[in-house]
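In order of appearance the chains are A, B and C, and numbering begins at 1 in each one.
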Amino acid sequence: MVTNHTTDTRAKLVRIFTFLGGIYFFLYFVLPESAVTVIGMKAHHEQISNGFIVIGAMALGLGLYNIMRAHGARVVFQRPGWFNSLALLVGLFAMIAATSAQWIENVRNAKDIRRVQVLGEFATRIVEDARTQPTGRTVPPVAERVAALVRYGDETTALIEAHTNLSVQAGTNGAASLLVMEVRERIANTRGKLVDCKGSAWERPSDEDLSRLTQFSQDAAKLASSYSILKRSHDAHSLSQKVYDFLFDGLFNQLGSAMFALLGVYIAAAAYRAFRVRTIESGLMMTAAVIVMLGQISFGKEIYEHVPSIRQWLLEVPNSAAFRAIRLGAGVAGLMLAIRMWLSIESRSFSSGRK
Amino acid sequence: MGGRRLIYLLMILAVGLPIVCGISQKPSRLVSAERMYDVVEQVKVEPGEVAMIWLDFGPNTVAENEPQTQVLVEHLFRRRIPVVLLSQYQQAERFLTKIPNEVAKRLEAEMPGQQWRYGEAWVNAGFRPGGAIFIQSMVNAADVSKFLGRDVNGMPISYYPTFSAIGGVERVKIVGEITGLIGVFDNIIQFFQKNGYRPTIVHGCTSITIPEAYIFLDSGQLKGLLEGIAGAAWYSVVLKEHFPRSENKELLVTNTALSAAHIVLILLIVLGNLVPLFARRRANHG
Amino acid sequence: MDSSAAWSLASVLVGGLSTLAIFSFLIKENGYYRFFEHLFIGIAAGLGPMLIIRDFLWPNILEPMLGLTVVTYPDGTQAEPYQPLYLLYLVPMAFGCLYYFIYSQRYSWLAKLVIGFTLGASGALAIRGFFSEAIPQIAGSFKSLVVFVEGNVSLMESFNNILFVATLLLVLNYFFFTFGKEDSLQGKLAPVGRPLLMVCFGAFFGSTVMARLALLVERVQFIVRDWVAAIGTLVGVG
């Protein structure tokens, strides 16, 4: 049994949490930047903001659960309209499956591309560590690191070469295409630099050796950039991408556009049946509407040369002034509502703690 | 009931005929679109600086927002201004990929030998949930490329040389918001700013929000506006004046079909007022 | 025809059929329309959560928290050490899970904590949002009532500014419901705001027409151009 005392405690808790929800952003906006920096809000603002978004994002299962409950039950018990519910669930799961498959493929490909990026980044790190001894961490000797780099570089360039050949065989990138030639040229460059690296004495690297390594890092970055484009253009032809495109372009986009396009004919029927001039005010409204319509179409200037200018004036002067008044009025009301909501002044029924 | 269906048929025919016959007329001159063209044309972008275009539309407003995005992206690409594309609205996800790819292909076909490559001309930062929270967080970040993290393909945005060192949001020289949603547009107007930084914002709106968008043009919070398809069509005309090989025939046909539908609708309003008037008169005489 | 072209063709053909099914509603409510309407809702409902996971939860929260963003170099060293602070994301994640108590008779009040927290955050953001939007709007409304251009009074611009300011004040006055105003000057001026609002609504209607018709044009264009061409390709005419 829920006592009054428990209900009051819950109500207080809800009000406290509502206040806490707003206090962070409020302080962030009203405090001077120096204060925000000193108390550490600025340094962690991105992570804290992400935290707020996470809270909202966790609710995404609510919608799915409700849909499943409502439509799943209709299908299982074969209630009227069960076939439509089945269509809804098929659409839902098909989209989830297609998006997931495309995502998994993207993650896998990003991993391959990342491998090439690491090649360049690792070379840069070796150079940085060789020039200034790192503090707070121990690193292996340069010779050992370069040997690891060369081994890794050989494996990576072989992998890219295999992927490039695969893409040419699959026809997603023509053998003679600029991109394929560019990738092959950059593989050759990177390999050439790797061979150079093997030739140096890395026990005591000279400045020249290190700048050669920097050059290698830049070449590896260029290779990564070309490879990422090649890989993406190859992946655009993958089955998961095609299914996703089909669901989005063939169904979602078309159905969404078509539903809203119905309004195009409804507004015509409504204009014919309901837009009647009975008073001076409705006459004013119709005049303004007709001027705006004529002013924005190709034939407007054929009817009267100055229609576009009159439309422009109508929108810039009377319309803007009236709309600004509406917007300011609504804005002040919104501000009051926001303050009352944040301070739980109004929402007694919400924070009452009752079910 | 039958009369209503007749109106539906009339509207579909009015729209369909110019499309079937491929009729295209010069669109109406829209000053707001010209202002936007000038803003994009005159913006000065140093190496490392970028344009940021938000595509916040889905299938429900694609008819208007897609041509707007095409002309804006085309202009930015022609000027070689690097573009970061992203969205607050999940349904725009596919358009973030499709539109810049199509524009790049068209430009490459127009200018053989020149390239607009992903990672150089543009990056797709994808759908970013969180609305206002996300935007104010980005505006306060020390480095926009690091803040955005990875692109839609899972690659770190800072890895692409053009976008590696955007730095603070002050380096975003022009912000474009293409949407029909008042809420997401408000997020940009209200939160894409900080002390000492007010970006140049241009907006492609659906026609339904044109009257509201004008108040922001007047206050200077917006520097340019594309008013629905008509705005995109006039922008394409201005683009063609400066770049004669720019292709806009299809957009002009669309705009002509739209104009024809307007004429039919105006006639319907007139008829809707005259028919009852005559009917009343006849009844009085009878 | 290669497989990519076949998928594109299928996409256009199915898209055309879907469009016609939706347009069949113009004749009368029917089963085809209902079927495709449900399919659309299903696809939209599936897309949203997946994109939140794919584009936000995974790359921004889970990957760093699980240490998957830490790069290990070929020599076994790491690019940067793992940041245990990322584990703090577990707190908002757990807090966000309170939403699911909405289904519990006994603990539904716990869901109110997280809903209240979210409302509080939205409220604080709205306060900031109002000021950053409204201040330039208010400042932009202070227009010179007499405009000089090159030393001469510009009648047109002066008239526009006077009309602008008058309309703004009269419409604001029309919406001012807080106090009784029937007998005051304010009350007498209120009816003047109405016709001005009507002009604004007329402009709004004119613009709405373009928005709605644009959607129709896009669909008809798709059917007449893309879909018919796709059928031509399918039957070998195109």
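In this section, a residue touches a chain if its C-beta (ideal position, glycine included) is under 8 Å from a C-beta of that chain, and two chains touch if they have at least 3 such contacts.
All figures in this text were calculated on a predicted structure; none of them were measured in a lab.
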item: Most contacted chain pair (by C-beta pair count); value: A-C
item: Reference chain A; chain at largest CA-centroid distance; value: B
item: Distance from chain C to chain A - Cα centre to Cα centre, in angstrom; value: 15
item: Chain B-chain C separation of Cα centroids, rounded to whole Å; value: 14
item: Junction residues of chain A, two or more chains touched; value: 25, 50, 52-53, 56-57, 114, 245, 248-249, 252-257, 259-261, 264-265, 267, 271, 275, 286, 289-290, 293, 296, 315-316, 319-320, 323-324, 327
item: Junction residues of chain C - those touching two or more other chains; value: 26, 44, 47-48, 51-52, 56, 60, 121, 125, 128, 130, 133, 137, 200, 203-204, 207-210, 212-219
item: Chain B residues counted as touching two or more neighbouring chains; value: 8, 11-12, 15, 60-63, 91, 93, 129-130, 133, 136, 150, 152, 154, 207, 210-211, 215, 218, 227-228, 230, 258, 261-262, 265
item: Residue numbers on chain C that touch chain B, as the complex places them; value: 26-27, 44, 47-48, 51-52, 55-56, 59-60, 121, 125, 128-130, 132-133, 136-137, 139-140, 200, 203-204, 207-221, 224-225
item: Residues of chain C that touch chain A when the two form their complex; value: 2-4, 7, 10-12, 14-16, 18-19, 22-23, 25-26, 34-54, 56-57, 60-61, 71, 73-77, 79, 85, 88-89, 91-93, 95-97, 99-100, 102-103, 105, 108-109, 112-128, 130, 133-134, 137-138, 141, 160, 163-169, 171-172, 175, 194-210, 212-219, 222
item: Residues of chain B touching chain C in the complex; value: 5, 8, 11-12, 15-16, 19-20, 60-64, 90-91, 93, 126-130, 132-133, 136, 149-150, 152, 154, 180, 186-187, 189-191, 193, 206-211, 215, 218-221, 227-230, 254, 257-258, 261-262, 265
item: Partner chain A, residues of chain B touching it in the complex; value: 4, 7-8, 10-12, 15, 25-31, 58-63, 91, 93-94, 117-119, 129-130, 133-134, 136-137, 140-141, 147, 150, 152-156, 159-161, 195, 207, 210-212, 214-215, 217-218, 227-228, 230, 255-256, 258-259, 261-266, 268-269, 271-273, 276
item: Interfacial residue positions of chain A with respect to chain B in the complex; value: 25, 33, 42, 45-46, 49-50, 52-53, 56-57, 106-107, 109-110, 113-114, 117, 221, 224-225, 228-229, 232, 245, 248-249, 252-257, 259-261, 264-265, 267-269, 271-277, 286, 289-290, 293-301, 307-308, 312, 315-316, 319-320, 323-324, 327
